[in-house]
Amino acid sequence: MGWKGLCREENPAAATDFRLCDRRASRDARVNLVLGIMSHAKPRPFTIDELRAYLIEIFPELWKRGDFRIEDLAPMAATLRLVHHPRHLRYGGTIAGPAMFALCDVALYVAILGELGRVAHAVTTNVSINFLRKPAPADLIGKARLIKLGKRLAVGEVALYSEGESDMVAHATGTYSIPARGDEPN
Amino acid sequence: MGWKGLCREENPAAATDFRLCDRRASRDARVNLVLGIMSHAKPRPFTIDELRAYLIEIFPELWKRGDFRIEDLAPMAATLRLVHHPRHLRYGGTIAGPAMFALCDVALYVAILGELGRVAHAVTTNVSINFLRKPAPADLIGKARLIKLGKRLAVGEVALYSEGESDMVAHATGTYSIPARGDEPN
Amino acid sequence: MGWKGLCREENPAAATDFRLCDRRASRDARVNLVLGIMSHAKPRPFTIDELRAYLIEIFPELWKRGDFRIEDLAPMAATLRLVHHPRHLRYGGTIAGPAMFALCDVALYVAILGELGRVAHAVTTNVSINFLRKPAPADLIGKARLIKLGKRLAVGEVALYSEGESDMVAHATGTYSIPARGDEPN
Amino acid sequence: MGWKGLCREENPAAATDFRLCDRRASRDARVNLVLGIMSHAKPRPFTIDELRAYLIEIFPELWKRGDFRIEDLAPMAATLRLVHHPRHLRYGGTIAGPAMFALCDVALYVAILGELGRVAHAVTTNVSINFLRKPAPADLIGKARLIKLGKRLAVGEVALYSEGESDMVAHATGTYSIPARGDEPN
């Protein structure tokens, strides 16, 4: 169990960290796991399993293949895995830029759905991605967190790692347009 | 007499319109194919056919499949086609973001190879892409031009269009690190 | 007859060159200044002088100082000048990044106002800027054009030049949120 | 024993949370201030005071005015303050985009100097900035951390906050070209 905030619980020094907002969100999430039962706190739109089922429903080609897997879902955050496959490789045995881009986009999209639920078809409007290091020929882990969730726009950042490595291999920020109900986004 | 300076030398007015130079560059490229023979202009590193063969040699998986095609090659510029295929589709019948990202990246990469020849393995360091409109379920055309070609970094922009349409569907800028010979880029 | 569609309507070939449309747009703008009177074309929201007055009204500190000047206004496009001043300099005698950023932002903002008129308070949501070359210690010219003008988002690109030079010194793309009337943007 | 590797060496679990490493880095920095004396750890190029003096030496106009202040310096990280001043305001009482851009650029630049010392004149090559919320009319705090420090390129991200607030008001990523000694960067 635990919402990602767990490791921070064990590290009270985290308060000095500039990611204050997330930390609070994580703590609130834990509080809500308890309070939710008693006080009818606002429920999360999806469990991980429900979100997995929803993604297969709306993007069957992408999600049935099993390349992408949701590893974790937390308030304003999601962790995704891109399963290593020769199809994602390019020259020199590293993972292609488009596959890394896809992981960033998917991770941010999942984080948004995790907040907004099934009514929202967010549309990517901008992604800026920095490729930092050659990824290892291994699974890629994408850790996304939202830094803004407005009525019309959501903005988030993603860090990519080769599994088992601690050096970031790519970093992206993305903006998503959130359509009003019944509205065409843009 | 170099290729890069040509459009400015012949068109002093070009300085007053930043989009003029490119257009002329394409025309000049054709003129120079003729003039080059007579006036000993600096030769281009590749003809289109040579560049196609080189890409199949270095990225066989990507280029043998035939998804991407070089439509045009000009000084500091390249036009690429992404052949329409259900594999690139997503929810709603439009072309997936990663496929559009790939077309941008490939088009800029080809434009750089078109200038630097086979010695250069440019590495993408940053791409910022704006998704502007839903692309039609048709071939996508990517028009790349380089706006800087330095010793260490190349920067370019790409505009994507659905074939036969005049509204831009996406726009990207990209930065590439150009390794010194025998050097690891970064 | 609208302004925006004009260059495409009259120039079907424009679809084959994404930079053609802008160039024509500038010429068409001049033609339409004449034709507009005779053919009841949809009027532009502002003349240059009206837009100058509006900017002084809404941003007096910025526009009274005279650092920025509107050089040209055309459909989906604007050209701005940043007057050279030691205040914009930094180490080595070149123009500071923030001053170049400001010119990009202002040029895109002016291009949007030129389309939408005085009702619109567009808000910058994202700017991605590439610094390409050291600018000369001279006026900087920023040529902005919009590549999307949706109901909620406008996207444009800007190229910066040192006056009298033909090499681009910086290039930016920007996204602006357009509030509905009476609405808080974002 | 180097500084950069420290948090990973001592915390193998760091790979599971991409925000863990930074936090520890700050704490480790304090620990190392003590340990460094005893264990001959590689010295940092600058203390905060030395870096302040160096910045006044190389950019006197910018740093003598006192608008920017270094709040904290840590391995791969720096915290800067932009002192609130009406000069940074724009329409509606909020802080202008160019002032926020400047704070991002300065914070990343300081973080790089904090690693590389006085030999390095890093040059900004790309900044992508997302404006998330209206800043309060108060000091702005910029928290920068480097996510890559290569031989030729450094990449970092910055989060901006209004003093005393926990919601991020802007976020930027930036790339810097690091010249070889005696070399012209680009």
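Residue numbering begins at 1 within each chain, and the chains themselves are lettered A, B, C and D in the order written.
Criterion: a residue touches a chain if its C-beta (ideal position, glycine included) is under 8 Å from a C-beta of that chain, and two chains touch if they have at least 3 such contacts.
Owing to the predicted nature of the structure, the values given are computational and were not obtained by experimental measurement.
When the interfaces B-D and A-D are ranked by C-beta pairs in contact, the top one is A-D.
Note: the chain lying farthest from subunit B is D, by mean C-alpha position. Separation between the centroids of subunit A and subunit D, computed from CA atoms only, is 26 Å. Spacing of subunit B relative to subunit D, judged by their CA centroids, is 35 angstrom. Of all residues in subunit C, those that touch two or more other chains are 125-126, 128, 130, 133, 175, 186. Residue ranges of subunit B in contact with subunit A, taken from their complex: 58-59, 61-62, 89-91, 96-99, 101-102, 105, 121, 123-131, 133, 186. Taken in their complex, subunit C has these residues touching subunit B: 8, 14-15, 17-23, 26, 128, 130, 132-133, 143, 147-148, 155, 157, 159, 161, 164-166, 168, 171, 173, 175.
Contact residues of subunit C toward subunit A in the complex are 125-126, 128, 150-153, 175, 177, 185-186.
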